Amino acid sequence: MAFKHANILSIDHFEKTDIAEIFAMAAAMEPYAQRKKITRVLEGAILGNIFFEPSTRTRMSFATAFQRLGGAVYEVTDLSSTSLVKGESLYDTSRVMESYVDLFVVRHPTQGAVQDFAKATSRPLINGGDGTGEHPTQALLDLYTIMKEQGRSFEQLDGLSIAMVGDLKHGRTVHSLTKLLSLFKNINFTWIAPEPLKMPASILEAARQQGHHVHQTNDFKTGITNVDVIYMTRLQEERFSSSAEAQIYRGHYSLNRKIYEQCCTPGTLIMHPLPRDQRANEIDVDLNDYPALAIFRQAANGVPIRMALFAMLLDAYPG
Amino acid sequence: MAFKHANILSIDHFEKTDIAEIFAMAAAMEPYAQRKKITRVLEGAILGNIFFEPSTRTRMSFATAFQRLGGAVYEVTDLSSTSLVKGESLYDTSRVMESYVDLFVVRHPTQGAVQDFAKATSRPLINGGDGTGEHPTQALLDLYTIMKEQGRSFEQLDGLSIAMVGDLKHGRTVHSLTKLLSLFKNINFTWIAPEPLKMPASILEAARQQGHHVHQTNDFKTGITNVDVIYMTRLQEERFSSSAEAQIYRGHYSLNRKIYEQCCTPGTLIMHPLPRDQRANEIDVDLNDYPALAIFRQAANGVPIRMALFAMLLDAYPG
Amino acid sequence: MAFKHANILSIDHFEKTDIAEIFAMAAAMEPYAQRKKITRVLEGAILGNIFFEPSTRTRMSFATAFQRLGGAVYEVTDLSSTSLVKGESLYDTSRVMESYVDLFVVRHPTQGAVQDFAKATSRPLINGGDGTGEHPTQALLDLYTIMKEQGRSFEQLDGLSIAMVGDLKHGRTVHSLTKLLSLFKNINFTWIAPEPLKMPASILEAARQQGHHVHQTNDFKTGITNVDVIYMTRLQEERFSSSAEAQIYRGHYSLNRKIYEQCCTPGTLIMHPLPRDQRANEIDVDLNDYPALAIFRQAANGVPIRMALFAMLLDAYPG
């Protein structure tokens, strides 16, 4: 795809070469992300960081990425103070705000709303997550983390085995990562979920049609044995119709040091899109200092990935 | 007036030459507003963007203007987190904050409060709207839009005919724009409002005393026929004593493509201070792509106008 | 202490030489704090201004300090939008956010929580106030104000006489300032409080053991007679178990022009950590233009003090 002035709405846009291009750019961004180098390439530019649904982590990561490139950030998160409560349409909001910013990041609780917002404006826009829909930058940083942590080249991702664990029905990160991995060859997916929280059928079919191996189970220990990557997820309680219904599944799968050492080789990577829920204990704190625990480095990788996209969409590269 | 270190509290301060000066400066700011040129003239400077009443649009426009000049913005909008709830006076708030910023923009729901805030501080201050009182930068951007869109020179504003439509009682934008236009000659005002929402008598008298023509009606179609500008407004529901009372007038006047083509020539400009209320449909979406619909360009003009004021108050000019 | 990459959690860390070093640096920062000079020494750096408890004044002062050094600020104040509500631990929050910022300022309502946050991260961190615990930068700016206002050298602080007035039980500013002054010699403390709001016994004992003179009274006029500094405080109503209980003590001590002129010499400095509570009237508005009223200059001194700490912790000095 041509990145200049484009929208990043879904990972469905991407071909393999696009991802290779983004990852190469992200690698070049790392010294700037860590402020070992300083750039002013986005000086005077403004990011509209528009979150119609709360997400401090994602919002902060986008903001940091834009600021590390020398740009300024304007955030809208307090929706009760926006004109939407005065009856304004999303179309008008988008068209008005476009005169104040150079690029949008938009998160919205309703699937499709981010697309509507994008349609109204001529500014480039990155989807920061839309309901149970897509969250494309999360999938990119997840895959980038796997490559970096396992010392694989881009082509060496073929044949990867990954266990995805938890609320696979509502968790958009596992949907998107599955799609992204499906661009490679011979991926071995193990999907570990309680029956009512299984991966949607459409995603299963697509993965199988592309020639990947999918194994579904609700047996945690067997499922995580001999995989390259364990991708734990949080129960998306806010997506359930009632809190009581969500409680049934809380704490269903919990990884700790004992289980890890029993089932995994030291190279098995532990990932999680975060936040970890203390009450459900998806990953026990006894793994906090474990070298295989990549969750915080994974979060950190969001910065160079997002910097890469900003640079490519605005056609402004440091150095 | 002398702009350096001044306050912009009301358009009553302005003489015609002041407005000409502001508009000339705004025109010079346009390439910076659109980031075709970059300046660092306000580097290290901080705008205190203090909103005691919500307004994402206005707040964002001021913030963008300051950032495009190279400055940083500090916003206070969550009043429940301020010291006012701990019993602090507005005087103290103003005097404390002045050591943190170089210039204030203040919006407050109570008429006169912005003036009180300004009195306490030696920093320059721009009124961002005070209750049903004034909102001087809105009037400036409205007039600037009329000039630009109609290709008139400053002097050619004499003789303009404008229809103002809707809640003329509570709408401070129409009050201020009327005052500003009254500095010119032979303005033809048509004020279209339900009887209880008519323009205040004081404004009517002032306009007539200055020699302008005022025609009041509640007939929408007749009123907008043969005018240069139609200025639609939103029902200020938050200013009514009850929501039920406001409902009576919702949707009273609604402009759409059919009515426009029936009553207007293609040059008739359609303006609105925004937000448009979808429920009341002041301007139908079937006009969204109409060249005469200036509402989004009008909003965008807020940036160079506010940049001009910042530069003049802080005596810091780019280039 | 070595400041580079250190945490500023408590004034207990400081030796006298540390404070001398901070004050010398703060003095050098003043032209930058007032934007008479401009620096870009923290360009590309990001402050995480994380307030788990509201405080507009303190937050804004830290933000201004970082921005005046050329850095950018990212704030988190809306805790309902953080992952903590999704069950995330403070440890995880700290470790995730550290990849987005270069330095943290953290305020938290629970004593010890800021320390926990600091333990999880390798980034330098400044305590912005933890419950009834510490607020070290407030104590520093208070002492800096005394020196500056009274034209004393650092060594000339020995022998100072200071009256502290009000809610000495809950007011952490008076606890910290007492500790800081106790590093000097022969300080004369007069503590004026209603019996149930007296200074904690541990602080009394420590001051006496270090050889200082402590006089406790609830007689306001006698207590403030012949002191160098009057340090008024606000009733910390939010720390009481009920509002009714707090009401008993509201307005107990109120300084006004008449009392000041009756008890004090013109050199007696009037300080207050702010906000002043209008309802309790700790300092009457008839003193607002009095030269001895240092309260707004005291607030302003927070900026150079915090700039000094930022520069020292990040080892980045302007000029």
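To keep things simple, chains are lettered A, B and C as they appear, and every chain counts its residues starting from 1.
Basically, a contact is a pair of C-beta atoms (placed from the backbone, for glycine too) under 8 Å apart; a residue touches a chain by one contact, two chains touch by 3 or more.
Note that the structure is predicted; figures quoted are calculated from it, not measured.
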Fill in: Partner chains shared by chain A and chain B (touch criterion as defined above)
C
Worksheet item: Do the two copies chain A and chain C share over half of their interface residue numbers, or under half; same or different?
Response: different
Worksheet, complete the sentence: Given that chain B and chain C share one sequence, their CA atoms superpose after a rotation (degrees, nearest 5) of 120
Worksheet item: CA centre of chain A versus CA centre of chain C: separation in Å?
Response: 41
Worksheet item: Taking each residue of chain C in turn, which ones touch at least two of the other chains?
Response: 72, 78
Item to complete: Provide the residue numbers of chain C that touch chain A in the complex, in ascending order.
Response: 43-46, 72, 74, 76, 78, 80-83, 86-89, 91-92, 95-97, 99-102
Practice prompt. Over in the complex, which chain B residues touch chain A? Could you list them?
Written response: 32, 35, 38-40, 51, 54-57, 60-61, 63-64, 67-68, 70, 72-73, 77-78, 234, 237, 274-280, 285, 288, 296, 299-300, 302-303
